[in-house]
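Two complexes come next, and they have one chain in common, chain A, joined by chain B in the first and chain C in the second.
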Partner chain A sequence: MSIRFEQVTKRYRGVPVVNDVTLEVAKGEFFVLLGASGSGKSTLLRGIAGLTDIDHGRIALHGRDVTFVNPRDRGVGFVFQHYALFRNMSIADNIEFALRIRGVPAARRRERRRELLRLVALEGMDERLPSQLSGGQQQRVAVARALAHEPGVLLLDEPFGALDAKIRTELRRTVREVQRRLGTTTILVTHDQEEAFSLADRIGVMHMGRLLETGQPQQLYRQPATRFVATFLGAANLLLGEVATPYRVRVGQAMINHASQARPDAVSSTEVVTVVRPEDIELARHRQVLANPCLGEGQVLETSFGGGVGRLLVQVGAGANLRAAARVDAQVHPGLAPGACLLEVTRTAAEAMAMPLAAGDSIALGVRRLHVLPTPVSSFLFRAPTREAVLELRQSPLVAQLVQSTRANLSETIVAEEQPGTATLRSAGLVVVDNTGRTPAEIASLVAHGARRLLCVPRGAALPRRVIIHCPDDAPQGEAMGLVASLVRHINAEATFVSVMRRDAVAAERTRVLRRLLDTRAEVRASHGLDLRTELLEGAVSEQLLALASGPDPALLVMGIDGDRAEIEAALVRDLGWLFDADARWPLLLSYSGPRPAALAAVL
Partner chain B sequence: MARESGLQGWRWREASVLPGFGLTLGYTVLYLSLIVLLPIAALVVKATTAPLDAVLHTLAEPRVLAALRLSFGAALLAASINAVFGLVVAWVLTRYDFAGRRLLDALIDLPFALPTAVSGIALVTVFADDGMVGQWLAALGLKVAYTWVGVTVALTLIGIPFVVRTLQPAIMALDPAVEEAAISLGASRWHTFLRVILPAILPALLTGFTLAFARGVGEYGSVIFIAGNVPLHTEIMPLLIIIKLEQFDYTGAAILGFLMLALSFVMLLVINLLQAWQRRRLGLGA
Partner chain C sequence: MATPAAWLEERGHASRWRSRMVRGLLIGIAALFLGVILLLPLVTVFVEAFDRGIGFYREALVDPDALAAMRLTLLVTALVVPLNTLFGIAAAYAIARFSFRGKSVLTTLIDLPFAVSPVISGLAYVLVFGASGWFGPWLEERDIEVIFALPGIVLVTLFVTFPYVARELLPLMQMLGTDEEEAAISLGAGGWTTFFKVTLPKIQWGVIYGVILCNARAMGEFGAVAVVSGHIRGLTTTMPLHVEILYNEFNQVAAFAVASVLSLLALVTLAIKTAIEWRTGHRGGH
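Up next is the complex of A and B:
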């Protein structure tokens, strides 16, 4: 491994801007870190070079731990967005800077400089000053300068950000070619997905300090695991679907085999989010002529010309039973009928020629291919006795943040507390309730009536900075981890998986608990791409969790549970009894994995 | 049109959307003439019409030579001290944020605002042999007040704001990425400072140095109290000119004034040329 991060974390004023990032970049690989501004990608890059200290974790370059090594001794080349050339030195002196420091004799320096200038296509510019070159040429010099001392790692921080489009493509090609020829392990940071696609061997998408997903460009585009990546890499229609059989899903009126690699057990709920790319939607005048399963019928809302492709916005009316998984701002699309689902469609120029369409035309939509997201949170259901209570729930900082950053569909049911409302609870992605003054019995009842994922938010709960995850020893934890993995990506918090061991535990039990801790971490990383912290505590579960939760930063508690109603209630009282005190302010997220198998229960 | 093309593109001035060029230029010329050029011309006329032997006689006076040496020497030394420590002060004030930074920043301007006589007397109080600092220095055998050291101290105080205020914008304009680039290429802190930071702020540093030096040469009020004004030892040129005036030796005073004018002009010219050369090297245009 050429570059290796282990749980790298960097905080600014207590807020993690880089959050538990673990990543390996192979020797000679061109890795692109992609993210919006403020996602932590540049901070991570600066961490590798040592220009920013990290608060937690390890960084190794070529097998050498450099976490505490002085930046000047790390042997990296760094290219900055605004070139950062030495203005008082000629191009030759700029490039030879690193060699001069290392005491390389003049003849060797000159030879290396010529070679580098040839590589970046700037031969004969040796004696010019940086101010006499264009922006693109200056950045070429910066690349040559960063490579002069033959660094094992080349880091580029938005290197094309300050250049205009044509120069950018040209320079992109140069950088790719230079990298291929020298085989230098390279990490490039950008916010431009087109740039990432054209350069990367592998892309890592960052969001809110977390590395959400890594993969080859194709793979990330076709089979994203998260909502964010699906919509950040190109356009995507997110539609709610219903799992019919493990490999078939119903979306609108269509029944479709989905192409996801996700194991059926990872998609455990009935409601799922499906990704349909604009180019995977087929348009026809009538549903009978469609070559693919029909999603529904709708009207063209808007058309625009984009050169090689034509882009259309199509709305499918409420009657078609097609539901979007993402909220649409009605103000941006004034023509959108209430309850209708908005879809983006692209067609090739040839297709557009064959069937010209204008706004208002009726159209049938077919779907060629869709992908089911393996992450469980598809929509939010707010459950409260009154409209005001729902609004109050939505204004709680944690809920507001989740709603804003997931852009998931919201719905609400206003019910008197006696009626559980089983059907709505069962179909919802995540049920949100007010936890003020509730008892464990009421929570257990909600879970038993179908709320598999339940977020209980007490009044006055602060935005959590920490997520504490606890699964009682005998509860399966796969589902809880999937839920955690998808939720922590939408809040700026550090996630810790906690195991508590009895103080008088015998050696065999200690080994078992420790192994479970490590297994959990490995499993979460493998199946959900999330790196968790782990913590092993000793003593009574309830006391230890309370001590941990009472730390200075606000915490969210996550618990994985199973069993019947009585067992759920017992687990809550035993491990989290204090959470139901009148003045407790901790939000609680429950993940329910179903009743215990009878045979297993008998053994236990 | 025809006239302009005949001049091959040369134009009296670039067209500008801002009106009032003629008026403001006229005012500038008039203002400079009245305030600067006329008095200097009078000085030059007075000095150059003096008989040659009078000029030579005045210049050969040991008191004049000693004062000349002290005035320029102390001003040069003080400006050099300010160049070093003013850089440190400017660096701290621009690069770091700490409690009391704004207060410290405001203090820098104090020597501008304080009547020079006040700072002179204050310095004497502190540095005299029985003063707060002076007594300890005296115990070490160091005499500050009434020696050339005292003169330098006074000129340092007067010059510090010039260096700090000219350096601050230059340091602010430095791109931290350039220093980071040097460090990631393997440069030590010292090397980064010497090869990367210093060349970039050198023009500003030279300007500050020049201003502090020029001010030091002409400084009168704050120096005469701490200098002690011992002929041949701690007499500065401006004081000597006053003495000449008090003796109604107007020609002698004019000769000394002209001498200082000429010396200052030459030194400023040299420094300005140096700066222009620096700017060209940095590619900022002449």
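Up next is the complex of A and C:
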């Protein structure tokens, strides 16, 4: 491995801006870190070069741990967005800087300089000053300068950000070619997905300090694992679907086969989030002429011309039973009918020519291909006695952050008395309730009635900076981890998986607990792409969890549970009894992995 | 009847004529003001100095006390300017490059000499180092003279001219950022190499500019020096003090002769400063 980070974390004023990032970049690989500004990608890159200290974790370059090595001795080449050429030195002196420091004789320096200038197509510019070159030329010099001392790793921080579109593509090609020829392991940071697609062997998408997913461009585009990546890499329509069989989902009126198996926990009628790319939607005048399963019928809302492709916004009316998995701001699309679902469609110029469309035209939509996201949080269901209570719940910092960041669909159930309302609970992605003054029995009842994923938020709960995950020994953890992986990406918090063992535990018991802890971490990383901290505590479960939760930063507790209603209640009282005290302010996320109601489990 | 176009054209003529009037008037006022307030007194200095001919002028300058004052002024300047250049670069570097507790306090402290009247800063030094001051007895026991001696004059001049270099460099360093330094480090340069090869060349014009301003003030400082010098002729009088003494003795010509030398120094400084501004302007520097 050429570059390797292990759980790298960097905090600014207590908030993690790089959060438990673990990654391996192979020798000679061109890796692109893609993310919006503020996602932590540049901080991570600077961490590799040693220009920023990291708070936690290890960084290894070519098998050498450099976590505490001085930046000057790391042997990396760094290219900055604004070139950072030494303005008082000639191009020749700029490029020879690293060699001069290393005491390379003049003749060899000159030879290397010529070679590098040829490589970046700037021969003969040796005696100019940086200010006499154009931006594109300056950045070429910066690349040559960074490669002068033959670093094993080349790091580029938004290198094309300050250049015009045309020069950008040109320089992109140069960089790619130079990298291929020299075989230098490279990490490039950008917010431009087109750039990422055109350069990368592999892309890693960062969001809120976390590395969400890594993969080859094609794979990430076609089979994203998270909502964020699905919508950040290209345009995507997120639609709610319902599992029919393991390989078929129902979306609107269509029954669609899909290549990826639906969520492993999904049984028939489980709500899932599906990704339909704009180019995977087929348009026809009538549903009979569609070559693919029909999603429904709708009207064209808006058309725009985009050179090679035409872009359309189509709304499908409430009658088609098609539901978006992401909220749309009604103000942005004033023509949108209430309850209608908005879809983005792109067509090639030839398709557009064959069937010209204008705003207001009626149209039938078919789906060529769709992808089911593994996230269990398909939608939020707020359950409260009054409308005001629902609003209050939504304004709680944690809930507001989740709702805003996931943009998932919201629905609310107003239940006057404590009637379980089984059907709505069962189909919901995540049920949210107010936890103020509730008893473990009430919570257990909600879970037993079908709220498999339940977020209990007490009044006055702060936005968590830590997530503490606890699964009692015998409870299966798969579902809980899937839920954590899905939610933790939307809050700036560090997640820790906690195991508690008795003080008098025998050696065999200790080994078992420790192994479980490490297995869980490895498993979460493998199947959900999330790196967790682990912590092994000794003593009584309830006491230890309380001590941990009482730390200075606000915490969210996650517990995986199973069993029947009585067992759930017992587990809550036993491990988290203090959470139900009158003045407790900790939100609690429960993930239930017990048996499903028989009627629903029949299909799988 | 005028067509709209003609009307507009006429209006255009009128407004253009008016704007030219306004411009002329403003320039005239500014020139007049500068002439009366700045240029006239300066010219008067030289006119008065040569009032009784070149012979008198020469005599006034070769007077031992006058020569001593010039020597003292040059000595103080030669001590103060390098010290404040070092302090200024160090302070600006620390503030621009590092984040530390008390950074904003330090930034404010640098401006303190600008805000405090020089006379008061002089008095403060008397209170600290004078015979009845805090360290007075301690200094007296060891026979160290600070107030009414060279060290006192150097100290107050240091105080008064402290902000010039630092203030000049701070915004410049903040504007130029740290990319180049980081690039140097990632290329393998150490701290000193980075400072001398990258940082210093980058800010050199700012340093020179700050040094010139610092120099001008160090030579011309009157208030603070007047308080701590004790006006011992030939020993602790700097040029500005010497001018005042001569003037109070109704020795007009000699006073203006020394003053003219001081003014000449100021004019030379100004010329150098302008030359540098012109040069950096053309280099596209700061």
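The rule is short, and it goes like this: the second predicted complex is superposed on the first by the 584 of 604 C-alpha atoms of A that agree within 3 Å, B and C clash if a C-alpha of one lies under 4 Å from a C-alpha of the other, contacts with A are read in each partner's own complex, and residues count from 1 in each chain.
As a working rule, contacts are C-beta pairs under 8 Å (C-beta built on N, C-alpha and C of every residue); 3 or more make two chains touch, one makes a residue touch a chain.
Predicted model, so just to flag it, every value in this text is computed and none were measured.
After superposition onto chain A, the modelled positions of chain B and chain C overlap sterically.
Using the contact criterion defined above for the overlaid structures, shared-chain residue A:Ala448 touches neither chain B nor chain C, since it reaches no partner.
In the overlay built on the shared chain, the residue A:Leu51 is in contact with chain B and with chain C. When the two structures are aligned on the shared chain, A:Gln132 is found in touch with chain B, with no touch to chain C. Contact with both chain B and chain C is seen for A:Arg102 once the two complexes are overlaid on the shared chain. Of the two partner chains, neither chain B nor chain C is touched by A:Leu117.
When the shared chain is aligned, chain B and chain C each come close enough to touch A:His82.
In the superposition on chain A, contact of A:Leu579 is made with neither chain B nor chain C. In the superposition on chain A, A:Pro71 contacts both chain B and chain C.
Judged by the document's definition of touching, chain A residues 49-51, 71-74, 76-78, 80, 82, 84-89, 97-98, 101-102, 131, 142, 145-146, 148-149 lie at the interface with chain B and also at the interface with chain C.
Those residues of chain C whose C-beta lies close enough to touch chain A in the complex are 177, 179-180, 182-190, 193, 197-198, 201-202, 284.
Those residues of chain A that touch chain C in the shared complex are 49-51, 71-74, 76-78, 80, 82-89, 97-98, 101-102, 131, 142, 145-146, 148-149. Against chain B, in their complex, chain A makes its touches with residues 49-51, 71-74, 76-78, 80-82, 84-89, 97-98, 101-102, 129-132, 142, 145-146, 148-149.
Chain B makes touch with chain A in their complex at residues 175, 177-178, 180-188, 191, 195-196, 199-200, 281-284.
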